[in-house]
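Several structures are given next for inspection.
Next come two complexes built around chain A: one with chain B, the other with chain C.
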Partner chain A sequence: MKKNSKNNFSRRKLMKSVAAAGTVAVMPGFVNYSQASSSAPIRIGFQVHRTGIGAAYGRWYDRTTQAAVKIINDSGGINGRPVEIISEDDGTDPKRGAEALEKFANQHNCDVAFGTLFSHVVIGSAPRAGELKLPYFVVSEGHHVASGMLNRYTLQPGITDVKSQVQAMAPFVKDNLGKKVTMVYPDFAFGHDHRDYFSAAFEARGGEIIAKVPIPPTESSFSKYFPKIPRDTEVLYHVMVGPAVLTFVKELGEFYGSKGPKLFGFIDSVEAVDLNTPGLEFLDGSYFWEGNPRYAQDNQTDHDQFYRSAVGVDKNGASVSDPKDVSTYAHMFGCWETLHIIKKGMEESGYSNVKDRSKLIEAVESMKNMPLSQAHPQGAKIFNGKTHQTFGHQYITKMTNGKLVLAHTTSIEDTFYPDEVDYTKQSF
Partner chain B sequence: MRKNIILHLSALATLFLFEMLGIFSEYHQGNFARILVLAAYGVGYNILFGYTGLLSLGHALFFSAGLYASGLSIYHLDYNIEQSLLLAICISALISLIIGFLALRTIGVSFMIVTLMFSQIAYLSILYFGSITRGDEGFVIQQSSRVFLSMDLSNPTIRYYSALLIFSLCMLTNLWIAKSPFGRVLVAIRENSERALMLGYNVKLYKLFSIIISGTISGLAGASYGILFGYVGASFAAVSYSIFPLLWVLIGGAGTVLGPLIGAIFMFYLIDYASDITDAYMIIVGVALLFVTLFARRGILGELRYRFYKWIA
Partner chain C sequence: MELGPYLLFASLEGLVHAAVLSLIALGLSLVFGVMRIVNVAHGEFFMLGAIITWWVSSLVSGNPAIGFLLALLVVPFIVGITAVFSDWLILRHLKYDPEATIIATIGILYIIQQFALMTFGPDARPVEQPFNIRLDLYWFGFSAYKFFVILSAIILLITIWLVMTKTKFGLILRATQLDSEIAQAFGIPISRVYNIVFGLGAAIAAVGAVLIVPIQQAHYLMGGEPLLLAFIVVIIGGLGSLKGTVAAAILIGMSDGIISVFFSPNIAKILATLLVVVVLIIKPNGLFGTTKT
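Take a look at the complex of A and B:
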């Protein structure tokens, strides 16, 4: 029979426990639990697209952030301190974004800033983050971080970038869908990244881009662009963002009906859009890139189940309280994972106040393997501390009976490309 | 004139002393640096709208002309700050001349639409030539490039004084124009252009000069913005950046030298404080603007001039 531990607690055991606790207290990562003289919250400035073109993403980035913070706080916070989110609308505007960072650093005394998706907001804000010496964790997908354009204070550890995503799609498209591709993309930097990186990767594998159809960003009707797609197109690669995405896919359906080339699209074209919307039936059988599969798959991990439930997303990728409120599931996991990385970085660096910001950055830079876990429900990742960019699995799903079913998962290695910068050589 | 000189120099001295005596917190210091550059843009707009009576809806074209001329010359050609500023002033003046020459073939609503269209052409051109301009994403002017006469312009104090210097230059130019015979002709054109024509003034030429001065000041403000804050992006060429200076001028007082500064401060902090209260801060901003429009139709300084201080320029 097991003895009651309370009765068995001798003086010798008490001494051992005190010694053990003391040893643990001086180990890296635990220092601040013992040093946490203050229970003041860790303040994280959350730059969020509440208004402007990115509002649909912002709403779900916000929900994911709140859910992640609740989980972190329920499990003891960071270094024993609760996490507090200070939100500020950036209006999906770079000037306003930079002002938000200024507010975080100088008015709210935030420890770090994080959030935001649209590249121009990140690029407009990052110089200010560097000047303010404010660690700025972005969840943007843009290649701007790894390209070397930004600075040591800007990191993207929670979501892969467009360059790695796009090049990882090329083998699947070439081997499974066809060799002659026409690309339809928005005629601005995000679309140009798709055009340039996919073309290069696809042609390197022996495929051919037979036409490129850029669509001006101010366009609200797309029918006139579809006749530019050559008849011998085997695969139509499409990507579109912004409020007109639904019009784009509907008009694409009206143009082709049930005929036409095979479709491969980035989920951005239908992100936050209900796929059972009338007029989208033609998408059945088409393929999509997804950063994280919107529909719960047959092989769903416990981690995805936990994450999905915590954020309040049902198995179809919509809000549990409103099935018509479809999430931005392919992207928003980045907020969850980034917050967990900030927690880990702060704990490993013994972060206690803003003077430790450079230690936090060094701790994150030294991270490498991020295994599939509750902190990383999208999948395992490899972080490159030199380029401040993470690399991870990409998912290709096939629209089957109104649902996106997983067809292929890339390896992490498929997403690698040579380093273009070494931020660790920049001084703080 | 003496009262005006005292008033305007006092305003500049106050802004100088606030920084020198450390009255600004770090946050407000950063905000005011931004506001001063934007107010310089408002000054440029005010010369055309407030003094000459020409309502442009395309001034973002001039602001972005300066922004991109300086930014691209630093980014692609490794120009230093002095060279890039000089280029930005020249390019802005040249574009103002061309746009003025074409747009002045129209008047009234047509002038508004033509300026708006030119501005949209510029905006879409920035996106179209994305390989050079980096399109909507824009690009960063690295901290190492933002050095002027061995001074690091990203340093908060130096940035503030630089912004104050730019604003002072623009504001004093405006004051000089307002009190000069040239400025009086502009006001005459604003009040009754046909009468000015009858009096023998070459109205079109005066309007053209007004556009050139206005556009060049706006371009200088744009170049300063990019250099001081390190970012050049297409959003600054969008239509909203043509509307902002109109709002600053209307709120502060059209045809007053300090009006754009007052309007820019009012708008900046209205948004700043309203966003602390609610996520739907634009509703508060809208209501506040409605009240200003209803109860201070001439703008804040314009109303003070109308009611109490007729001498204010």
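Take a look at the complex of A and C:
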């Protein structure tokens, strides 16, 4: 077996590496990281849904992440050190997700792991992150972080969770659309959060959920589920994920035409889908929850403008290089914001190597107000260090002439609910 | 929804399902019947048909019907040639040994699937329907294109049946199926027949893919479920029996449609699998299968 390289590090090798470092330092465009005690990069393991049912999200999470890292590195990196992203495809699969974390910790020597969206992958990976003592920053929306199901090493500081989102939607649906709701949702953890927390919040306001229609997230044809929607439904609440979302909305339009109930959907049902696809005309006039409005609105902030152009997204939420390549705009800001939070946490804790991981977590836990800024282009947020979950504004847009136009913005307080866990009491 | 329209909707959904399923299963059954090999990669030829349909239709601008018709002509041919090539490259060297070909076709399955992932990518991509007409049936709407799918499948099945029973080519296939050694003794070039049949089986599945893609989108993982259902159909109908395959496809497709609508799609799959068990116990050769002497 090879000996530890530290022991046979010769003088010649040392000279070589000094010379190499010197060459790099004088190269044009090289950002000066000289303030740092070590200029080795901060390595962030990026668990990405490159394949499997989350691939469309993965593609845009990747673009957002690369854009954010470029901004961070161009302005001097973290603690004077450049950031390096190590990507691993998890196949949108919990088992592979856990394996990716293992690789980050043991093979790639990553400082932290980050990026996962699909809730079953988060739930499958987080226990391993706890065992590996690897800080795991998820961008998932699931209520599993704040519910207390996970551990001290798993945090969700850059995106709000489903429980807070649906709770803020319930009054709007009840007051503007109707009292009798049928819910259509994907049959796994993320959909169950919708089922449980929306129905609770809606019924608490005097509304009624008259039917619940779960659909497997791997389903490819949906018509057969629609007859289960009762005729007296006033509002159809729909949320769907996976590669077949376009088929889902198309078949919904085929089934109802213009005669159906009013529609309130989570943008997930049409995320990464071109809304001008033939067959989607029936969506006009329907409402959507959006984490971040896909179309640039009249009241667009400078921060959204900056973020949008940095990632390469046009005014309609599609790629600047291909108007057919529609982004997952309502979700992907979470990657941008999370990376900025990791930067801030590392700077506040004076993070230098993996031994400081617990200091980093404590630094993030102590964060509270995150004002609207370049680091938080989606809007201001309030982070709850005890539950490891962030809270923020939610947006409701109305489909008007093929575009989603902002109809309502909730306050941050609308999304609050009592704490269900205090992770800070768990030991590292 | 009231019971009558509910049943009508379920039956229509079931018929669309049965139409496509019968084409996929027929391809699988043909290959098994003539070559006596189990083609595990069959679902991937179906998937390949779907993604090439997307590719062909995205090349043609203008009316989506033009791209669709072009795909209907070109796609089965390309998929058929791919299958012929994989038979020529791999299967014939294994002398069509039943066990070895299962392993080999599993390999082909992964090669096609990963090839699709590398070229086509991980996203589901839509193909526009050749005509976008919604029929309003009062209680619910139904796409006119879905009726077209049912009709096309019926026409194709009749054509295949005519070819099998009325032409010399069909006679050669049936002779090879009955006893390949005797057929060879009568001068039938068995290896070439095998080669063509493998291509034909894949091409028939590809036609099913061209028909379904405007409804379901093309995706690199779409081959798994049809393969499973096609196996169920072929086992229930009797391996190698054309009539049995079609009958079983209608049975499974309709029951899947109706049970999915009234209960849940999972129960439909459970019942279909149970039906396989029952058929295997009572009639081990399938409903229409003949005992080999």
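Quick notes on this structure:
In the analysis below, the second predicted complex is superposed on the first by the 390 of 428 C-alpha atoms of A that agree within 3 Å, B and C clash if a C-alpha of one lies under 4 Å from a C-alpha of the other, contacts with A are read in each partner's own complex, and residues count from 1 in each chain.
Just so we're on the same page, contacts are C-beta pairs under 8 Å (C-beta built on N, C-alpha and C of every residue); 3 or more make two chains touch, one makes a residue touch a chain.
On a predicted model such as this, the values are computed, not experimentally measured, just so you know.
On the superposed chain A, the two partners chain B and chain C both fit, without a clash. Residue contacts after overlaying the shared chain place A:P216 against chain B and chain C alike. In the superposition on chain A, A:T51 makes contact with both chain B and chain C. Touch criterion met: A:L150 reaches chain B, while chain C stays clear of it.
In the overlay built on the shared chain, the residue A:P227 is in contact with chain C alone; chain B does not reach it.
Once the two complexes are overlaid on the shared chain, A:A380 sits clear of chain B and of chain C alike. Legend: residue contacts after superposition of the two complexes on their common chain; A:G142 is shown touching chain B, with no touch to chain C. With chain A used as the common frame, chain B approaches chain C to a shortest CA-CA distance of 5 Å. On chain A, the surface patch touched by chain B in one complex and by chain C in the other comprises residues 50-51, 216. Partner chain B is touched in their complex by these residues of chain A: 50-51, 87-89, 93-95, 98-99, 102-103, 106-107, 119-120, 123-124, 126-128, 130-131, 142, 144, 149-151, 187-190, 192, 216-218.
Against chain A, the residues of chain C that register as touching in their complex are 1, 6, 9-10, 13, 117, 121-124, 126, 128-129, 132, 134, 136, 140-143, 215-217, 219, 221-222, 225, 257, 260-261, 265-266.
Listed in rising order, the residues of chain B touching chain A in the complex are 25-27, 30-31, 34, 124, 127-128, 130-131, 134-141, 143, 154, 156, 229-231, 233-236, 272, 275, 279, 281-282. Listed in rising order, the residues of chain A touching chain C in the complex are 50-52, 55-56, 58-59, 216, 219-221, 223-228, 231, 243-244, 246-247, 253-257, 272, 277-279.
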